[in-house]
Structure formats: structure tokens, C-alpha cells
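The following pair of complexes shares a single chain, chain A, combined with chain B in the former and chain C in the latter.
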Partner chain A sequence: MSVPVLEMKKISKSFYGTQVLKDINVTVNEGEIHCLVGENGAGKSTLMNILFGMSVITDTGGYEGEVLINGKPVAFDSPKAAIGAGIGMVHQEFMLLPGFSVTENIKLNREDTKPNLFSRVLGRKLETLDRKKMAADARSALDKLGMSIDEWVPVAGLPVGYLQFVEIAREIDKENLQLLVLDEPTAVLTESEAQQFLAVVQRLASTGISILFITHRLDEVMAVADTITILKDGELVSSGPTKNYTIAQMAELMVGRKIDTKGRIGGEKKEKATKKVLEIRNLRVDMPGERLRGIDLDVYEGEILGIGGLAGHGKIALANGVMGLYASQGQVIYEGVEVPLNNPREALNRGLAFVSEDRRGVGLVLEDSIANNIVLTSMQTQDKFLKPGPLKLKDQKQITAHALQSIERFDIRCTGPDQIVRRLSGGNQQKVCIARAFTQNPKLFFVSEPTRGIDVGAKSRVLELIAELNRMGVTVVITSSELAELRSICDRIAIIYEGKLSGILSPDAPDVEYGLLMAGKSLEEVRSGERATN
Partner chain B sequence: MKERLIKIYHGFGLPRLIISVFLLALIIVAAGTELSVPGLLSDALVRIGQNGIYVLAMVPSIQAGAGLNFGLPVGVIAGMVGVLVAMENSLLGFGGFVVALLVAIPLGIIAGYLYSLLLNRVAGQEMMVGTYVGFSVVAGMCIFWLMAPFKNPALIWPVGGQGLRVTLTLADTFGGTLNEFLKFEIFGLTVPTGLLLFYALLAFLLWLFLRSKPGVAMEVVGRNPRFAVASGLNINAYRSVGIVLSTVLASIGYVVYAQSFGFAQLYNGPLMTAFPAVAAVLIGGASTREAKVLNAIIGVVLFQTLLTVAMPVTNQLIEGNISEIARVIVSNGMILYALTRVTGGEQA
Partner chain C sequence: MNQVKKFISKNAVPILFAIVCLLGVYYAQMPGQFLLMEIVKRMARNSFLVLSLIIPVVAGMGLNFGIVLGALAGQVALILSTHWEWSGIGGLLLTALLATPMAVLFGILAGMVLNKAKGREMITGMVMGFFANGVYQFIFLFLVGTVIPFENAALRISTSPGLRNTVNLTRIRGALDNIWTVQIGFTKVPIVTFLVIALLAIAIWAFFKTKLGQDFRAVGQDRHIAGVAGIQTDRNRVLAIVFSTVLAAWGQIIFLQNIGTLNTYNSHEQVGTFAIAALLIGGASVTRATIGQALMGTFLFHLLFVVSPSAGQAIFGSAQVGEYFRVFVAYGIIAISLALHAWRSRSLAKARLKEDVSA
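And now, the complex of A and B:
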């Protein structure tokens, strides 16, 4: 067997003491399509950043382990060096200049030139562009991809699917390209475009270019991959030829329960409540990157409902839509009365409270004190903390007293109620957010990504707080990217896929069912698949 | 004791400490020349009261998130119309002053509201847009002054019977009304009690407003609009409140300024009104994102005293008249210095 094009051996990386990658080995052979799969935060991007010598890696103390290209050890200190060694990358976001033609984009910064009078005197910088050769090269690159578009049309106005091909054409136009990294290339494509795209990828591989394909669409993996590496929480959980896996096994490996989950925080599962507090009908939310395309969901009184799913599929948009923060359509009925959409005031007035996933952007006034952050929403929507009288002056004494009480109840570590929120740690900021929501005395409480970006100790404390509030009779809808977290606290978990409800599972449902729902299979398919294997 | 001193020092801030020390040094130098120190300080007191309301006007616009109100002339124009209406009818003393205010305030509300509609459309660039709105309004009003239907011969050009004069004197109507009210002298220092009391009253009302529910809402809108939306607040409405308040304060400010100065300067007179006020509030420790009433007060006291004392002292010490140049350098240098700071308060 020949020398592999790329070998990454025992790669480890930690950011400020947090281990994000541990002993990862990846080998890609010539002409092979290697799929890298894993949930968000599994470490895929970090691994690619290491391969490309991105400054986020070099600036934070580099990495451990060894990268070999064609059997020779390399250590790239910049993306330019990696590109020089024959590695190309197509990013999730398009990096194209809209006003330039397809040819110009393909040839950007690598233009072919021919000498002229001035350049002979003044140097190469002044050479004329060899447009004919550039166009011919671009044409041949596009032909290799089976693309019929003309090479002279401007990129602006091309359909999204084509942009992806232009990006790839740019990479394969580089003569020494040996390895092409595709970072979730199909995320923005429609189904038919994705099909076409996968065919192109296979054609490229057949010409001898190795492909490292990053995705979390498992059916794509089954369709094109020769070999698979599955990452979870920065560790390599499994790798091998595609034929060794089924979709169900991959899903299970990808989302498998974390070992360190210490039982349920949410206490014993409650008797199934029957009274609906919130009915969501055909809700569509136009939240960029997290679009919700029509969902029906009921929330029962007193439960903790989890909302899960992979990033970009719209789980975040649910709470934002109900609370009126993003443009939405559909129907939301709270306790039998319809809640007007796109109007945060109405939602708040009805006793709904929300802790946003964007803690620093939406959840807090960073420059303001802890006390003010806790009382602001209640003061504005419920006229609390005001002195009696027509002037509606704020009652500083009452605010301070309430803040002190909240600091104790929610265990906020701070120097006092006047401390500026910006100076608090992430976990304590989150507690301030929760304290603010609870000052509103909500009956229905939405909380999104409650433990994102906070340390382990604070994580379990925040979850315990939410469970405690639920025991006091508050209905909770919790959205999280961490499935293990949802399973430790929720009574039911709804999985969102591509903006629609994929299914609702009980927290003790097997991992494989979660994986499949997240990969877009319906509950019926999941169950029938199980029967078939049993 | 030491800790308390450190706390006071942090609250006051190093720039203000330096300016205060510099000011003290200037006053000591002035005492060594033939200048009358009480006379200088009396002038300073008048100028503080005269300019103080313009500086206060900066506070609501900053708190509402619209930055420094460079469009101050919008309000000043409304004040001018008020003053002119009072003068046209030859109203004397307090009557004239009150009528001027009664005309100026509603006009200020209307002008401020229209101005806020514009600023809400250019959120993020209010200061740049405001500067040019100020300039344009002044230029546009030049036409109005020429065509305005004022008939009082004291106001219009002697020839032609139409068009207001460039400089009008208030000495015969309500000039000095506030300044003279309860005025007293102590150790050679003349205190314009009425002027200072009126300023203090407005400062107190503004302080009260900022502590009320709508005032707090306005502050939240200014500090984090996305949080404000999530708390059910209407961002544009509260930004408008701040801008209208700022504009109305400018209108009142002009009426007070004119009666104290004794002249009304039309046409290009109000072109640069915003700049000294901006400089003063920034010297007072405000930033483009945060300002307290206290910043406005400290700022106007330091800035105006510095200018009144520094000019004659430099004239005494240096041959030739460079004081005007020095004033321009100081006031614009301060704006430049303060605009480069993103954070206010303890770091400014």
C-alpha cells in the first residue's frame, strides 16, 4: 500500500486548560473520501484548524501530535503554507467576490500574466492578465466538475448551489492539489443540489484527489464515504471503512450518552400531565441560520420539555419566536388564549419569561449592575420596584433588597449587588439571567442553552436551579445543544430537524433513536428499523 | 480614610483632577497679575449658568443611545423663535422670559420629534448625521430670518422693512432677567442667583426623570437595544424621548443663554453651539455611551471656568491675542480626546 496523503497522529489540543481534542488519529489515502462526523463541538473544526495552521491554534500554544503529508512530517504555521503543500479547503461560508466573474474568482491571487512593455522595465507586478489562459483554465476546472455555467458570468446572482461549485473549481484549479477539505458543504444546498454535489465529489476522488468530508448528514456519509472517523467530545470514538457501519450505529456513536452524567437532576419523572398550557401551531420563525419551517408542539402544565437537535436546524428559533424576538408566523395559544406574535411585550405580559441563548447580547445589560439587571424587565413590564406616586421613580431600597435576596437564592458569586455584570464569570452571568426571569414570576419559562460557555461546576448548579423552579410549579421549556443535559433534566424531549419537528422522545429512549431523529429519520422509521434488527 | 480618598479619586477621575490642578495654578498666576480674581470668577459663574443647560442637553441623548447631540442647533433655533416672539411683542422682564419659554418649548418638542425620526433611521451614525443636520438647519433658517413676518422695527433691518438683523440686543426687553434675580455680591464675587437656581432646577428635574420608569427604560434602550426588545420596550419610542428631551433642553438653554448674554445672534450665530457643550460633558467624565447629570455639572464648571480664566491670563503673560486660538485648541482637543474613548466613567 502506498504512503497515505495525510496522516494525523495522536493530535491533542487544549484551550486554556480545557482539553478539546485528545489523541486523534486520522489517515486519508490517495483518492479516498474520508468522512469526519460528529456533533457540534465534537472537535471537527479544531482539527481542521490544526491542519491549516490557523492562528487560533498557533496563538494558543499550538498542539501536540504529528501531521504527515505524503509521509513527511509538516507543521504549518499559516494557511498559506498548508495551501502550498497541496491542501485545499472549501468553507461553510462562501469566500467569493460577488462583483467578479467566475473566472476571476477561480483565479483570484493566482492570475496568469504575460509580460508587457512596462513590466519589462518596472517588474512583474505590472504584467498584463492573460485572460485567455485564465478563461481556459477556469473552463477546464468547471468541466471537471461537470458544470455547464459560463466562466465569464459574474458570481453575484448565481444560485447558492453553484457558488459551492465555483469554490471547488477554484481549489481544483490549483495544480498541486492533493487533498480537498470540505467543511459541511451540503448544509446550504437543496436536496437535488446536494445529490449533484456528491456525484462531483466522487468524480474528483476518482481522479486521485483525496477528500476529507465534514458533515453531520449521515445518509450522505453512507452514500459517498470510503472511510469514516467519528468524533465525540474531542475524542475519537470509532473509525473504519464505511461498510462496517449502519446509519443507526453511527448515530449512536455520535450522540452516545456521556460517561460523566450523574443521573437525573430533574428528579423522578412526573406523572404525565394532561393540561396543555401552550399550543404551538404551524409556527414559522425567520431566524437567520436557525429557521423554523412550521412546527406543531404542545407543552403540558408542570413539565420540563426539552428541545434538541443539531445546530442550524431551528431549535433555537422556537423560544425566540414565541417570545416575539424574531419575525414569525403561525399560532401560539397560551392557556386557551392566542398570543400575538412578533410582540415581546404581549408575551411578557402573559407571564412568559425567557433566558436567551445569547447571554451577553440579549440576556444582559453588561455595563449595568447585577441589581439593575435582575429588576429591569419586571420594572418595565410589571411596574414593580417603583415608589408609589405618579412620578414612577425607581425604589432603590427595594431593588437592593431584592438583589441581595436573589444573590443568595441563586448563589451568584459577586462582590455585591452593585457589581457590573460584565465582570462576572459566565456561570454567574447565567444565574443573573435566571434571577431576572424569576423576578417576573413566570408561569411558563423558556431557557435556551443554559449551560453554554460556563464551567462544569456552575453547569450542574444552573440545571439544579431550573429543576428546583420547576418543582415550584413553573412549566419549563429548555433548549440545548447538549443532549446529555436535556436527558438529565427533561420529562420529554422534542427533536427538531430542518425546521420541523422530527419526533418527541422520552429521556430514557435509546441513543440510537436520538441519533436517527437528529439525522432526519421519522419516529416510525426509527421504530420499524428496530423491529427489523431485533 | 485612605480608602475613602481613593474611592473619591476614582469617582472623580484623573483627567478632571489634572484640569482642576491646572485651573488652580491659573488662578494663582492670575492673582499675581493685575487681574481681579473675584472678577474672573464672577464671569465664570455667569458663563456656567449660561452654558450649563446646553451641557445638560447632552445627557438624555447619550443615555438613549444616540450619542452626543451634535444637532443641538435644532433646539437652539426653536429657542430663538421663542426669544424673537417675546421681543416682537416688546415683553419686558419675567413676562418676556416666560413667553419666550412657552413658545420655545412646544417648538422644541416638534423639532426634536422630527429630528428623532431621522436619527432612528440612521442608528449608529447619529453623531455624524446630527452634526450635519445642525449645520443644515442653521443654513436653512438663514432664509427664514430674512423672510420671517416680524414687524417690530427694533428687530428688522432699517431699510426695506423685512428681514431680521444679525445681532439683536435684549437690553430693552428681558436681557439679564434671571441674572439679576436675587443677585448678591460677596468678597467682590457677583453671584447670579436666579440664573444658577434655574440651572439647578433643570438639572434636578433631569436627574429625577432619569430615575423614573421611563428614564430607566431609556437608559436600557441606550445600553443594550436587544435586551430592551426582549424586555418588551419600544426602542425607537424611547430613543425619541431622549432626543426630544435633549432638543427641548437646547431650546430652553438658548432662551437662558440669550437673556444672560444680552444679545441674540441670528443667522450663523448658532452654528457651533454643540461643540463647547460636547467638550464640556466629555471633560465632565461622560463617554459617548454613558453620561450622568453629575458629569454635565462637573464638565460645565471645569470647562467654562478654564476658558474664562485662561484667556485673560494668557493675554497677560503672552504678547498678542492668542487666547481665542487657545480656546479653539482646548475645546476641540477635548472632543477629540473624549471621542477616542469607548468607555466612560472610571476610565475616561
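And now, the complex of A and C:
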């Protein structure tokens, strides 16, 4: 047997004491399609960053373990070194210049040149571009992919599906390419485009190029992969030839329940209420990278509804769309009255409160005091904390009193209500956000990624606060990337896949069902699949 | 029909301006010979400066208000060359040579500052121009004759520090223009000056066909993507500003050899705004500028300059109103073009989002 193109042995990496990868082994042979699957935060990107010698790795103390290319140990200190060794990468977001032609993009910074009068004196940088040779190379790369588009067409205006091919053409035009890393390449493609794409990937592999394929779509994995590696929480949970797995098994391995000693925070699961508080009809939200493509969802009075799904599938966009922060279409009905979209003020006026996932960007005025942050929304939309009279002057006394009360109630660790919010820890910042939402006296409360970027102790405290609010009669819609967190607090959990509702599950539903819904299977398919295996 | 619409909306600014100019020409009732003479003179004088703006636009740094720095380098060289009594075409070339290292230095400094102010290059460049003006005045109005010993009756008044307000550039006046002129009616066409302008136009065109030019274009479109592809974006941006500054220094020297007198404290002040107004009038934008637009814009802008006093006299009974009007138009057109550009890119972005959501 020949030497594997890529071997990663016992790779471990920690960032500031937090271990994000532990003893990962990956081996890719010549002409093999190797699929790397795993949830967000499973460590896939960190592993790829290590392979490419990205500065995020080298600047944080490097990694442990060994990387071998063609059997020889290597340690890349820059992406340039990795590319030089014959590794190519197609990024999730397109790295194409819209105003350049297909050829110019394929040859970006690798242009063929020929000398002229001036370049002989002033250096190679002034050599004239050899457009004929560039076009010929681009043509042959495109032909290898079975693409018939003209090589001088500008990239702007090409269908999205084509852009992906242009990216790959750029990689295969590099002469020494041995290993091509594809990072969720089909996420932006339509189904037929994805089909065509997978065919091309197989064609490439048959020419001897090895492929490391990162994806969430499990059916794609089954269709093209020779071998599979599944990561979870920075550990390798399973690896082997594709034929050893079914989709259901993979899904289960991917999302498998984390050990949760805390138990349920949300208290006993409540009986399903019948009164609808919020009705969402065909909501489309254009949030970059998190598009929602038409969703119908009801929120019942007094419940905690969880919104889950993989990154980039649109779960974050739901609350942002309802609250008017991103361009939206569709219908949102709150207590029988339609809420105008694209208008944050109207949403707030109607008593909806929102704790944003972007705490430091949208959630807080970082350079202002805790007190001002807590009262800001209520002051602006409900005319609270103002002195009587037409001038709307701030009532500092009332603000300070309320801030002190909130600090105690929400256990915000600080030096006082005048402390600048920027100086607080993530957890305490989050508590300020929740205190502000609570100051509005909301009946419906949206909270997104409440525990992102805060330490473990503060995490459970924040979740408890949310559960406490709920017990006081506030309906809560909570969006989170951490499934375990949703399961510990929610009454129902809606899973979003590719901007649409994939299904609604009970928090105690089996892992397999969650995995399959997140991978785009419908609830019926999930259930029938189970019956078939039982 | 659709194509006509597209053409009009794409070239709204030059078309609008051409109409205003035509009206001006109609009301000014100027003899054609005179008009031709003025236009030829002004094209020869200004085109080089306007062309110096193209490279930074393509490199994504917007309109380089910082060409004032280049103009200053040119003027410092001219002051020195006057002091040393260089003359003729040889003196002019030597002056340009003297200005070059200064312009390179200013360009590097300006480029470094602009790299710290990405996305705000234009306003930063403008303020940098004001600042450089302050330093220049400090040196030539105050230091010269006090701290810096400098005795020259042609340049200084012995009773007070600083240079004279106006310096006569007799030795190099017309040094380039008068090498070879062709007479058309009353108009003397300075062939060599136009050849130099043509040479610059060809050089810029050819430059964008080279590897370095391609790098500039890539950086101009998207810094991030260009950087990922391994192009040194910051270095390229500095280089673009250096090129522009050096060209502006040469452009200012050509401008002043045509005028024949140096307005020590004012000549450079409006170089940036006027050149930029001309480029914008030609239909360029913050992100797109071509040689044709630069030349077309220079033509239209100066046509308006020539006719507006007489047109003002004819329409309003006062040449002053026309004077006022042309300055108003110069700044107004910059404001309108910038606003149009912002408005267009925003509506483009909106259209794109709509497409995406409905897809």
C-alpha cells in the first residue's frame, strides 16, 4: 500500500487552557474522499487551521501532535507554506473578485507574465500579463470540471453554483495539488447544483487528487465519501469506511447527549397551552449567512420554545426578523394584531423584548454605564424613568434606584451602577442585557445564544434567570447552538434547516431524531426510518 | 430604448454637465477662436494632474485628495530651481527630477497614514492636504530668512521673513510648451505637452496590463480576498499613493511652467478639489475611473470655467455671479457625484438582497 497523502496524528490543541481538540487522528489516502462531519464547535475548523498553519494557531502556542504529508513530517507556519506543499482549500465564503473575469480569478496572484522593456529594468512586477496563456490554463481547468462557461466572463452575475466551480478550478490549476479541502461547499448550492458538484468531486478524486470534505449534509456524505471521521466536542468519536454507517447512526454520533449533571433547569415540562401568543407566517429574513426562507411557527402562552439547528441555517435570523433588525418579509401576529416588520421600534412598543446574540455589537452600549444600559430601551420606548414635563429629562434618581435593584436581583457583579459595561465579564454583561429586557416588563421575550462566550458558572445562572422569568408568566423563545442547553430548559424545540422549519421535537426526544432533523430529514422520514430499523 | 436609458443613467453626470456647458456657450456668445484657444491651453495645463488620480481609484483608495502633497513637492522643487537659476527644458527636467524623491517620500508617508484609515481615505487625504499646507507655510513663510538662511532678491523681500507672495518663473516659463507649437488660427497648440500627456495615458493603460497593475486592481476590488490570495495589500496601497503623488508633482510643474508665475501660498490649495471635480464630471466615481473619463472631464470642467463669467454677465448682468457660479458648480458636482455613488451602491445592495430572499 502506498503512503497516505495526509496523516494527522494525535493532534491536540488548547486555547488559553480550554482544550478544543484532543488526540485526533485523520488519514487521507491518494484519490480518496474523506468526509469530516461534526456539529458546530466540534473542532473541524480548528483542525483545518492547524493543517494550514493559520496564525490563530501559531499565535496561541501551536499544537501538539504530528502532521505528515506523503509520509514526511511537516509543520506549516503560514497558509502559503501549506499551499506550497500541494494543499488547496475552497472556503465556505467565496474568495472571488466580482469585477474580475473567470480567468483572472482562477489566476489571482498566480498570473503568467512575459517580460517587456520596462520589466527588464524595473523588476518582474512590471512584466506584462500573458493573457493568452492564462486563458488557456483556465480553459483546461474548467474543462476538467466539465464547465462550458466562457473564460473571460466576469464573475459578477454568474449563478452561485458556478462560483463554487470557479473556486475549484483555481485550486486544480495549481500544478502540485494533491489534497483539496472543501469546507461546506454545498451549503449555498441548490439541490441540482449540489448533485452536479458532487459528481465533479468524484471525478477529481478519480484523477488521483485526495479530497477532505467538510459538510453537515449526511446524505452527501453517504453519496460520495470513501471514509468518514466524526468529531464531537473536540474528540474523535468514530472513524471508518462509509459502508459501516447509516445516516441515523452518524446523526446520533454527531449530536449525542452530553453528560449533563445539572439536570433540567426549566422545571417540569409544562402541559401544552392552547392560546397562541405569536403566530409567524411565511417569514423570510435576509440576515447575511443566516437566511430564513419562509417559516411558519406558533408560540404558545407561557411556554419556553427553543430554536435550534446548525450554524448558517437561519435559526439566529428568526428573533432578529421578528424584532425588525434585518430585512424581512411575511407576517408576524402578536396577540391577534399584526406586527409591522423591519421596524424595531414597533416591535418594542408592542412589548416584545430581545436579548441579542451579538451582545457587544447590538446588545449593549459598551461605553455607557450599567444603569443607563438597563433603562435604555424602556426610557426610549415606554417613557419610563423620565421627569414629568415636556422636556423628557432623565430622572437620575429613579434610574439609579432601579439599577441598584436590578444589580441585586440579577446578581450582576460590578463596582456599582456607574461602572462602564465594557469592563464587565461576559456573563455579567449578559445579565445586564437580561435586566434591560426585563425592565420592559415584556410578555414575550426573545433571547439568542444566552450563554455564548460566558464561563460555566455564569451559564447556569443565566439559564436559571430565564427559567425564573418564565415562571413569572413570560413566554420565552430561546435560540441556541447548544442543543443540551435547549433540552435542559425548553418545553418544545423547533429545528431549523436551510431556512425552513425542519420539525418540532420534545426535549426528551432521542438524539437520532435531533440529528436527522438537523441534517434536513423531515419528521415523517425520521419516524418511518425508526420503524424500519426497529 | 432600454440601452439608451442605461447609457443615460450610467453617464448622468457628464451628460448633465455637457448640457450646462452648452447653455453656457450659448449665452456667453464667445468667439469660437477664443474658446478654442482657452480650452487648448487649459487642457494642456491640467490633464496631467487629473490623470494622476486614476491609479488610487483603481486600487480602491478613492479620490486622492492627497495629491496636494505631490503639488507641494513640485513647488518646493520649483522654488529651489528658481533659486539656483535653472532654465529651459533642461532646467525643467532637472526640477522634475528634484521633485521626485520628495514626492516619493510624501507618498510613502501619506500611504502609511491612509493604511491606518481604511475606508476613510478621502477625508483623511483631504485633512492631510491641509496639514501639509500648514507645514509648507511654516517653512516658507516663517523659517526661510530667519532660521534657514536664504538670500535671493527674486524670491525674498529683505525686510521680512518668508518668500514673496508670487514668484516669477521666467526661466522655465513655457519650457515644455514652446518646444514645438503648431498654429491653428489664433491658437498655439503645444504639441510636446500633449505628447507628454498622451505618453502618460498610454503608460497608465499599459501599467494596468502588468502584474503590479493587476495586483492593484485586485486590492481595489476586495482587500480581504486579495490578501488571502497572497497579495500584499498594504504595500500595494502605499505604492499606488506614491505613484499618484509623484505624478501630481510632475503635473504641478507642468501646470506652473504654463502659467509662468508661482503663487507661493495658494497655487497648490485647490489642486486636489479641482482635479477631482474634473475627474468626476467626466463620469468617474469613487470606485471607477478611466483615462477617457479623466480627459473628457477636464475638457467639460474647463469649458465651464471659460464660459461662466461671460455667461453670468449675459444672464445675470454680472460677471461676478458667473465667477461664483463656477466655484459653486465645482464643489457642487463633487457633492452630487459622491452622493450619487453612495445612493447607487446602496440601491444595488438592496436589489441584491431582494433577489437573494426571493430565490
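Just so it is clear, the second predicted complex is superposed on the first by the 513 of 534 C-alpha atoms of A that agree within 3 Å, B and C clash if a C-alpha of one lies under 4 Å from a C-alpha of the other, contacts with A are read in each partner's own complex, and residues count from 1 in each chain.
Basically, contacts are C-beta pairs under 8 Å (C-beta built on N, C-alpha and C of every residue); 3 or more make two chains touch, one makes a residue touch a chain.
Just so we're clear, the structure is a prediction, and the values are computed from it rather than from any experiment.
In the superposition on chain A, A:F354 makes contact with chain B only, not with chain C.
Once chain A of one complex is fitted onto chain A of the other, the partner contacts of A:N109 are limited to chain C, with no touch recorded for chain B.
By the touch criterion defined above, A:V200 reaches neither chain B nor chain C.
Using the contact criterion defined above for the overlaid structures, shared-chain residue A:L283 touches neither chain B nor chain C, since it reaches no partner. Legend: residue contacts after superposition of the two complexes on their common chain; A:R345 is shown touching chain B, with no touch to chain C.
Chain A residues in contact with chain B (one complex) as well as with chain C (other complex) do not exist. Residues 79-80, 91, 95-100, 104, 108-109, 111, 113, 116, 119, 124-129, 284-286, 291, 293, 327, 329 of chain A are the ones that touch chain C when the two sit in their complex. For chain A in complex with chain B, the touching residues are 323, 325, 344-349, 354, 356, 358, 361-368, 372, 376-377, 379-381, 383, 386, 391-394.
Partner chain A is touched in their complex by these residues of chain C: 206-207, 209-212, 214-215, 217-218, 221-222, 225-226, 228-231, 353, 356-357.
Those residues of chain B that touch chain A in the complex are listed here as 208, 211-214, 216-217, 220, 223-224, 226-227, 229-233, 289-290.
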